[in-house]
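My questions all concern the structure below.
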Amino acid sequence: MSALELRGLNKAFGGLRVTAEVSLTVEPGERRLIIGPNGAGKTTLFNLIAGELRPDAGSVRLFGDDITRVPSRRRAHLGLARTYQIITLFPHDTLLRNVTLSLLGLSRLRWNPLLRLDRQTALIEAARQTLARVGLDHLAERPLGEMAYGERRRVEIAMALAQSPKVLLLDEPFAGLSSEERRDIQQLLTTIPASVAIVMIEHDMDIALDFAERITVLHFGRVEVEGTRAEVVAHPRTKEIYLGE
Amino acid sequence: MKRAALVLTLAALAALPLWVGNEYYVNIAAQILLYAIFALGLNVLVGYAGLVSLGHAGLFGIAAYAGAFMITSGANHLVAIIVALAVTLATAAAFAVLALRGTGLGFVMITVALGQIVWGVAYRWISITNGDNGISVGTRPAPFGLSLTSAAGFYWATLIVFLIALACIEVLAASPFGASLRGARDQPRRMTALGYNIWLIRFLAFLFSGLWSGVAGLLFLYYNQFISPQAVALSASAEALLMVIAGGTGTLLGPVAGAALVVIMKNVASAYIERWNFVLGAIFVAIVIFMPEGLVPGSARLARWCLARLRPRGAPAAAPRPEAGP
Amino acid sequence: MNLWVLLAGNSIAFGGLLFLLSAGFALIFGLMRIPNLTHGSLFMMGAYFGVTLISWGLSFWPAAILAALGVAAFGGLVERLLLRRLPGAELAQVLVTLGLSFMIADACLLGWGGDPLSISAPPALRGATRIAGFGFPLYRIGVIVVAVLCAAGLWALLDRTRLGAMIRAGVDDPDIARVVGIRVSLLFTIVFSLGAGLAGFAGVIGGPILSVYPGLDQDMLPLALVVVILGGSGSLIGSFVGSFVVGFLYNFGQAMFPELAYVVLFLPMLVVLVLRPQGLFGRAAP
């Protein structure tokens, strides 16, 4: 059974077709890269998978279950996590609180109006450990607003990892980072358990090609090329798309 | 240190009728406390949930009117209070379902419409509400046999309710649900992706907020032993919002300070300043433009700035930075 | 039967007055995206200005126009000095208009006292006339005529002039309008002044019918709100039709269901807000 299966996804805004007949299958533990020029509809695809957008046609399946009609907030509980291109974290809260919120989202505790959040030691410890995984536990008590951009990117990933996802969507995780920061994130990605399927959108070719087992190339919302790294790199259509037709 | 300050303040509050000789001022203090409850409740929605309501006087008023009906129909006070709060909760639920169809300004406008409907019924359905003439309530409750007819007695009862309200809200703010609520205010999209049910969080916050507005409404009814449509008008909702914004939405005690400001302006200052409404409006405008975080944090910021200015040369002075709007 | 005809006539007249009140509100809401909670106070301010100007010897129409100009100037000042300081913060701007309404109401109380004042109809429009066998006050017919003239004038302004085109562009998409070179912030000042002036003008026109009293602002603001919500923000046709709909709802509601008079008004507003946030006519809110 595949981890993530998209069948014939279509989405149009008014007259603009942003996603056209996209079909895609990602196996458990696979490292999939989605590339394409700007405007190819990559982030829209993520929004469709995550449930923020409803497709006009087609289906999304998670481990065999059709989640096309499942509301976005439930998909987190089904093992789906994502990061965002533009950082949308909580700047006034500490790093620890940010990650704690992520963990809380999947816990029944989030409805509790009586206990004190600060005293939930198990939850907070788990958050601290997640921060340690991304190498930021020494900054746990600092407000997010004080963090450098590279550190915030790592918190983004920590937030997603905290959800113990089975399918992880990474939207341009390397954007805006220095080469050293990129190596840090690359290293971090290798520590993610092999059972987690990772789908990444990225522009930086070197890093991305290192990471990917299979690559899907999108253009004007349509899947143009798909295959292993070697196949896609060699494919003439790939060159056409990137160098203009 | 903080503990000591807390105990001292509590002691001072408890002993207030003793050290404030004049009954007039004890009544003012009771009013401040009951409006503080209203403001604290509204702040759960405005400050913690980030949803501005200009219709909360509707919930305040429904509790008071429901209580008045029950009492004038012969029910005893305990039954009247329970029924009134139940009615308020049900109304708050209805309000919430409708208002949450909108966001931002849409939410505000729907609350205005809802508040106006309640006011319209109070004002015009004379056979039930007696219209402008209002409904009088002959007696105040006597919990455990203690009389609340004196100013001091009523003040102490209000103080106890206020402390309970404050404690409840403090607990809520520090709880996981409180964190969910603030998260839903700051990044609703992210929170949804993390698995939170934003609509339900906001709905529950609305109910909680409405409940305390109802409690304040009942206290208002017993304080005046009278309720009229004036308490449900748009201006009443506006004043409540003013209390919240003036005091500061980000702090626990901000709304209390705001309530104190408005009540004192209305009652005490109006004896010295003829046009208190004008001053109130001016303060509102000034706060929104210059101190959007509210009087309590804004004054603290101003004080820090002044203190920094007073430091000897060489020490860096932090200039006051205007922060983002509410 | 007579009663219904009379009610209908009054509804139309009241609708005309409401249009004068709401057109400005709709323009401000459409362009600046804020419900101007000062609008009722501006109406009242205009009415009070009218009272004073007439007491100084001016005749009705010059007083109405001068009052309108006064309120327009005041509106312009408000926009430049206060609202301009909160660019893009719509909620904050709404709160400022709320605070201002308190201030204006109290200032009027200070200036003109608590007793209701009246404005007499212009001599040419006093008395009644017979239409289809029913007696009908001349002045109310005058109000309808003025409302239609204003509607035509506003339509011409919006549809035929450069200013109007800029306003329409700003209503449709302020960001693109800026990019194209339209000075949107200047437009804001102009539109706010225009809206305020219209409200002030409406206040004087309404004087002979409603008289002028403290609390007039709180009576009129909700009506403007209902008209614009029903008619759609930024839509002139919407305000026009909405005004008459509300005029009818208000008058017939008061007559037929006196106990639910306000419910009859606000319930449709609520329904529209909940089902179609952009009103019955206007474009979808951003």
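Before moving on, here are some points about what is shown:
Going by the order they are written in, the chains are A, B and C; count residues from 1 in each one.
Operating definition for what follows: a residue touches a chain if its C-beta (ideal position, glycine included) is under 8 Å from a C-beta of that chain, and two chains touch if they have at least 3 such contacts.
Values in this document were obtained by computation on a predicted structure and should not be read as measured data.
Note on connectivity: the fewest chain-to-chain touch steps from chain B to chain C number 1. The central chain here, found by comparing per-chain C-alpha centres with the mean of all protein C-alpha atoms, is B.
More C-beta pairs touch across the B-C interface than across any other pair of chains. The geometric centre of chain B is 32 Å away from that of chain C, both derived from CA atoms. If you average the CA atoms of chain A and of chain C, the two centres end up 51 Å from each other. Per-chain CA centroids place chain A at a distance of 42 Å from chain B.
Annotation for chain C: no residues touch 2 or more other chains. Annotation for chain A: no residues touch two or more other chains.
Touching chain A in their complex are the following residues of chain B: 171-172, 174-180, 183, 186-187, 189-198. Residues 33-35, 82, 85-86, 89-92, 94-96, 98-103, 105-107, 109-110, 218, 221-222, 225, 229, 258-263, 265-267, 269-270, 273-274, 277, 285 of chain C are the ones touching chain B in the complex. By the touch criterion given at the top, residues 50, 52, 72-74, 76-77, 81-82, 84, 88-90, 92, 97, 100-102, 104-106, 109-118, 120, 159, 163 of chain A touch chain B in their complex.
Touching chain C in their complex are the following residues of chain B: 52, 98, 101-102, 104-106, 108-110, 112-114, 116-117, 119-121, 123-127, 233-235, 238, 241-242, 245, 274-278, 280-285, 288-289, 292, 324-326.
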